[in-house]
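Quick heads-up: structures coming right below.
What follows is a pair of complexes built around chain A, which joins chain B in one and chain C in the other.
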Partner chain A sequence: MADVTITIDGNKVTAPAGTLLIEVCKSIGTEVPAFCYYPGLSLQAACRMCLVEIEKMPKMQTACTVPISEGMVVHTTTDKVRQARKSTLEFLLGNHPLDCPVCDAGGECELQDMTFSYGAAESKFMEAKLHRDEQQWSPVVFFDRPRCILCYRCVRVCGEAMDVWALGVQNRGSASIIAPNEGDHLECEECGMCIDICPVGALTSGAYRYKTRPWEMKHVGTTCMHCGDGCKTTLGVRRHETGMQIVRGDNRDKSGINGDFLCIKGRYAFDVTHSDERLTQPLVRHEGRLTPATWEAALELVASTFKRIRDEHGGSAIGVIGSNRTTNEENYLLQKFARVVLGSNNIDHHRTADFPALAAALKNTQVRTAGMRDVFNAKTILLIGNNPTDQHPLLAWQIRNNVRLHKARLFVVNAQDIKLHRQATAFAQVPSGSEAFAAAFLAGNDSVGESVGGDARNALLAMRQALKGAEEAVVIFGSEIRGAQVKAAVNLASALNAKIACLGDYANSRGAADMGLYPDLLPGYAQTSSEIFTGHWGALPEQPGWNIEQMVNAARDGQLRALLCVGSNPVVRYNVDPFVLQKTFLVVNEMFMTETASLATVVLPAACAYEKSGTFTNTMGDLQVVKKAGDLAGTKPDFEIVIEIADRMGFDVRKLVSLGGGTRADMGQSRGAQTGEADRHAVWLEAQNLEPRMTPFDPAAVLDEIQRLVPGYGEASRLNVAAGNDEHTTALEAGQGSATSDPDLVVPSEDTLFTSGTLGRYSNTLHSVIESRRKVPADKKTPV
Partner chain B sequence: MNAIRAIGGILKGMSVTFREMFRPTIVENYPDGAGPYKGARFEPRFRGLHVLQRDESGLEKCVACFLCAAACPSNCIYIEAAENTAERRISGAERYAEVYNIDYNRCIFCGFCVEACPTDAITHGHGFELATFNASNLVYRKEQLLAPMPKEIQSAVQREELRAHAPEMAH
Partner chain C sequence: MIPVSEQLDHFFTEKMKEYPTQRSFLVPMLLYAQDELGCLSNQAVEYIAGKAGLSQLEVRNVISYYSMLTTKPRGRFHVQVCTNICCQLRGAEDLFEHCKQRLGIGHKGVTSDEQFSLEEVECIGACSWAPAAQVNYDFHENLTPEKMDQVLDEYRSR
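What follows is the complex of A and B.
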């Protein structure tokens, strides 16, 4: 829209006509206080806090609902405005209990802040406050009615932004109350957005409740360890007898790809980190039973056995299974360890999407991969397969809000009537397994029309028409499409001139694929003979190794003599007969005593993703930082474990983690205690060609190598990643890939909002909500 | 002459002594005196060992708001909060301090915690004999800091408990 010029407190400001006055004020640094206004949600004007004076208007106006127009003259600092704010606050405090010392929001309460800045010291009200007992609406949501100031933020975020509509307003006027959809309790997606968005302490979190206070915590911005979307989550951490304990997850600063969005897993399922079932001591099988051992003894046993088997039977007698939840650095290190130290290409992981096939299909095309931000800004979204509401909550949020705020068109092709149908411009229900045919049909291949059935064919035909001339499109497909079929999705994206994305399930599924946890692919989907890597690492085994299935068969035949299994549960995921692994020297790095760990010869207690540093790549290829928040005495990060094993096998660890010629940096003596001094010191080190890295356990050294060697990662700005932003990587476009990898090895996690693979089984919160036990998913209930 | 001057000097000196005999004594009988402070006496505003107060019904006043810990310049207060339940009510509000430690190795008795406290739960008592041979003894736990339960409430509570358990006992 055309720009208009208005005057705010004597300053001339130019902004597009129709912009909300409160936003314009914000843009020039003039604070207009408000409770009910929230960017991205519908306008309410319920709190009356943002009243300003506009010349030629008879009364004061709410800045949050006034679109600016040419020549407006606004005053925000007059006595009248000041008095209005004071009165509004006095009114809001009329029934608000003064229990700030016990309120969870105390210290980060907007009402507290506003009263401090604009309120009166005393109240004229003499009446007794109306007390109501606190209600528990679900295991994670508590409601304290007297504290509520009726800003309706929770109602709007739950309905408009989450499309759940579980909260509403009962009664009228001063008797209004916020009410849950089931009368006395909530049945919803349990995302906790209402708690997060509440400006006061009316809605409080069951997980964080009365644990601590905001200023008592250290806040660590890291990446969520659950699904593949890679939401940034800010963890509140407190000291605890066994280390640092995580007590809260949220993202109030709206940084990262997810803004303030988090689902139940990101917000509450950090409780796995302090589960009672965490392993904190290495276990070694002794006379048939797993018995506690020291780290030294366990690592020595692992290293000496690996060394013996490698020297006697060759590296191909050892297999390695990597994880979907370890960092990029750890995955990279693990496959390097397998290939360089063990001399074995027998490395695989639990595949949840066919990334190598996508890389192969993208070869020689103009199709680019989409990032998570693209989904929020695209004009057309085509979703084939998957149910993002359950499996990719952030993706669903991006799609929903893109449709709501930007009027994007959403086209859904699915075997089920998924919840995103509600936002869809067009929906086609195709028979399960024919998603790829649907994609081919949409791309213009009429010959496959028969495979999808008559009704679906008509729906797809209409969709094909509607998609014609689509601009800024994104094609997203789930793991239903794999192997050679991926080509159909890529062809469709190519025909639509669209970006493409493939949905993998776990926090670092994409990273595991990008970092080469494949028997036939090196990092960046490179062939095993790739000169990029042989040039740096020396000779590598060229013959592709065994995949998981072949490893299991080899174990049955007694050919696989040792197996290192890092953060993975193949016994359950691939339905392995436990007796098959009996003859194998099985080493498992795990957080919990999983089915696989209980078969192991040596179990090494591993730190989880919230207890180490590194990077994750989400399923869309966005690289983000993982920072250490909590820690648990007794565990070690997988990075350190692998280095220690290599070291004890007599391998020069400098060849694994390039330390740039060794420990050349000074030991920190020149570092001072003043703010910023450490940073200046780092700059000085850089200028002197010294490296601030001191130990082979530093993942940053491996990230250096990844950026140097893995195509598609080099362009990512380290500065940006370190600062907590996301950087899109393009390993899929750059790599060779492999269209021949076995599509049957792709086993989707089938997670819902309330499960998270093996990890989710140990989260009490995920089990505590009633929705996790219900057969019908939350979104299938009719909205109230 | 000299003798007179000498006697005069003695009389002058003794006059002070005799005069003081009839004035109230200012020497304290510490540590042989009576009372919890063994005869030591303090100005009312003396800042000694902290006392965590109880309200008139015997519940703890502390609601674990952490403001004392936030105000503390030497960072010597450590709190863990927990929630009152209907069966186990510790404080007057929803929350109470499950753990409340003051590290007297670090405490400088500045009184900021007392000023910060919104419920007047933490106060300075007059306890001053903190010397110890072992520094780890100087971390005082909540049990050491709490004011004793008033006698009449204690007996009332006991009666209540007896009554509550009476049916069980009858069986």
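What follows is the complex of A and C.
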């Protein structure tokens, strides 16, 4: 819209006509306080905190609802405005309990801050305050009614932004209350957005309430360790007898690709880090039983056995299974360890999407990959397969809010009637397994029309018409499309001139793929003979190694003599017969005694992603930093474990982790940024946007190498990543890929909102939510 | 099984077409359903939510906002006595007390034979003929305790 010029407190400001006055004030640094106004949500004008004087208007106006127009003269600092703010706060505090000393929000409460800045020191309200007891609405949501100031933020974020509509307002006037959808409890997605957005302590979180004070925590901005979307999450940590304990998860500064958003897993499922079932001591099988051992003894046993087997039977007698939840640096290091130290290409991981096939399909096309931000800004989104609401909550949020705020057109092709149907311009339900045919049909290939059936064919035909001339489109497909079929999705993206994205399931499944946890592919989807890597690493085993299934078969035949399994549970994921691994020297790095760990010869207690540094690449290819938040005595990061094994095998670790110049000092990367003098130095370095990078245990040294050698990673700005932002990588476009990889090895996690693979089983919060939702028929309920 | 009569259900379906959005027809639907059923039962809420394409929570939010809508059964004749300023000046408080005595119930009470319920209400817009009371949809004006007795007797005999 055309620009108009208005005057705010004597200053001339030019902004597009129709911009909300409150936003214009914000843009020039004039604070207009408000509770109910929230960018991106509908306007409410309920709190009356943002009243300002506008000349020629008889009464004060709410700045949050007034669109600016030419010549408007606004005053925000007059006595009248000041008095209005004072009075509003006095009203709000009328029935607000002054239990700030114990309230969760105390110290970061907007009502406290506003009272401090604008409020009155006295109250004319003499009557007794109305007290109501705190209510528990769900395992994670508690409601303290008297604290509520009725700003409606929770109602709007739950309805408009989450499309859940689980909260409402009942009664009217002074009797108004926020009400949950099931009378006395909530039935919802348990995302906790209502708690996060509450300006006061009315909605509190089951995970955090009454645990600590906000100023007692140190806040660490890192990347969530659950699904493949890579939300930025801020972990509040506090000293604990076993190290540092994580007590809260939120997105404190609303930065990163997820902005306001976090789902239940990002917000609450950090509790796996202090689960009672965490392994904190290495275990070695002795006379058939796993018995505690020292790190030295366990590592020595692993190193000497690996060395003996390698020297006697060759590297191909050893296999390595990597993880979807370890950092890029760890994955890179792990496959380098397998190839360079063990001399084996037998390396694989639990695949949840067919990234190599996508890389191969992208060859010789103009199609580029989409980042998570693209989904929020695209004009057209085509979603084939998957159910993002359950499996990719952030992606669903981006899609939903793009449709709501930018009027994007969403087209959904799915075997199920998924929830995003509600935002869809058009929806086509196709038979399960025919997603790729649907993609081909949409791209103009009529011959596959029969494969999807008559009704679906008509829906797709209409969709094909509607997609014609689509601009700024993104095609997103799930793991339903894999192997050679991926080509169909790429062709469609090419026809639409669209960007493309493929959905994998865990925090770093894309990173595992990009970093070459494949028997036939090096980092960056390069062939095993790639000169990029042989030039730097020396000779590598040329023949592609065994994939997971082949490794299991080789173990059965006695050919696979040792297996290193890092943060993965193949016994469950690939349904491996436990007896097959009996003869194999099995080393498992794990947080918990999983089905795979219980078969191991040596179990090494691993630190989780919240307890180490590095980077993750989300399923869209966005590179983000992982920072150490928690700390659990007894565990080591997989990075360190691998280096120690290599060192004890007599390998020169400087060939694994190439250290640049600089001083030789541990800057706390291995111990966490909480302890000791050196760590304060690390804090200083970080503040200067420099990185401590000095020991062989330093992942940043490996990131250097990744950026030098892995195509598609070099362009990512280290400064930006270190500062906590996302950088889109393009390894899929740059790499060779492999169209021949076995599509059956792709095993989607089938996670819901409340599960997170093997890891999620150890989260009490996720458990309690699943339990609370279990529907028990009334007559089957056991009497209390 | 729908809680309202088939006739009303049909009426809703037809009338809905005249509204720009389904939810615009919500309050009239609630009133019609309440008139037929006596109150908005859980089944009625569920039915109307489905009819208007809203969540039950949203329907309950609206019901709780309007004092003329109720989820609890009332008597066959709902006596609403205004006690706002004009009526009050002309004896509405005595009138309301009289109704309480006469019916043997208090504010928002229902007689045991479910014939009458009583409610003290805000202005019903009959100030010129104060004190006034409303029984279901009918107005009774310039009331005195004696006149009120006649009104109540008349309803009782119906």
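Just so we're on the same page, the second predicted complex is superposed on the first by the 737 of 784 C-alpha atoms of A that agree within 3 Å, B and C clash if a C-alpha of one lies under 4 Å from a C-alpha of the other, contacts with A are read in each partner's own complex, and residues count from 1 in each chain.
Here, a contact is a pair of C-beta atoms (placed from the backbone, for glycine too) under 8 Å apart; a residue touches a chain by one contact, two chains touch by 3 or more.
The shown structure was predicted, so the numbers you read here are calculated from the model rather than taken from an experiment.
Partners chain B and chain C, brought together by superposition on chain A, fit side by side with no clash. When the shared chain is aligned, no partner comes close enough to touch A:E70: not chain B, not chain C. When both complexes are overlaid on chain A, the residue A:Y210 reaches chain B alone and has no touch with chain C.
Contacts of A:D652 after superposition on the shared chain: neither chain B nor chain C is touched.
Of the two partner chains placed around the shared chain by superposition, chain B is the only one that A:P101 touches, whereas chain C remains out of contact. By the document's definition of touching, neither partner reaches A:E750: not chain B, not chain C.
Looking at the shared chain after the overlay, A:E450 reaches neither chain B nor chain C. In the superposition on chain A, contact of A:A166 is made with chain C only, not with chain B. Of the two partner chains placed around the shared chain by superposition, neither chain B nor chain C is touched by A:D253.
After the superposition on chain A, the angle chain B-chain A-chain C between C-alpha centres rounds to 80°, nearest 10. The overlay of the two complexes leaves chain B and chain C separated by a minimum Cα distance of 30 Å. Overlap of the chain B and chain C contact sets on chain A: empty, with no shared residue. Note for the complex: chain B touches chain A at residues 63-67, 69-70, 81-83, 93-95, 118-119. Interface residues of chain C, counted against chain A in their complex, comprise 55-58, 60-61, 64-65.
The touching residues of chain A, counted against chain B in their complex, run 99-102, 106, 134, 209-213, 215-216. Those residues of chain A that touch chain C in the shared complex are 165-172, 179-181.
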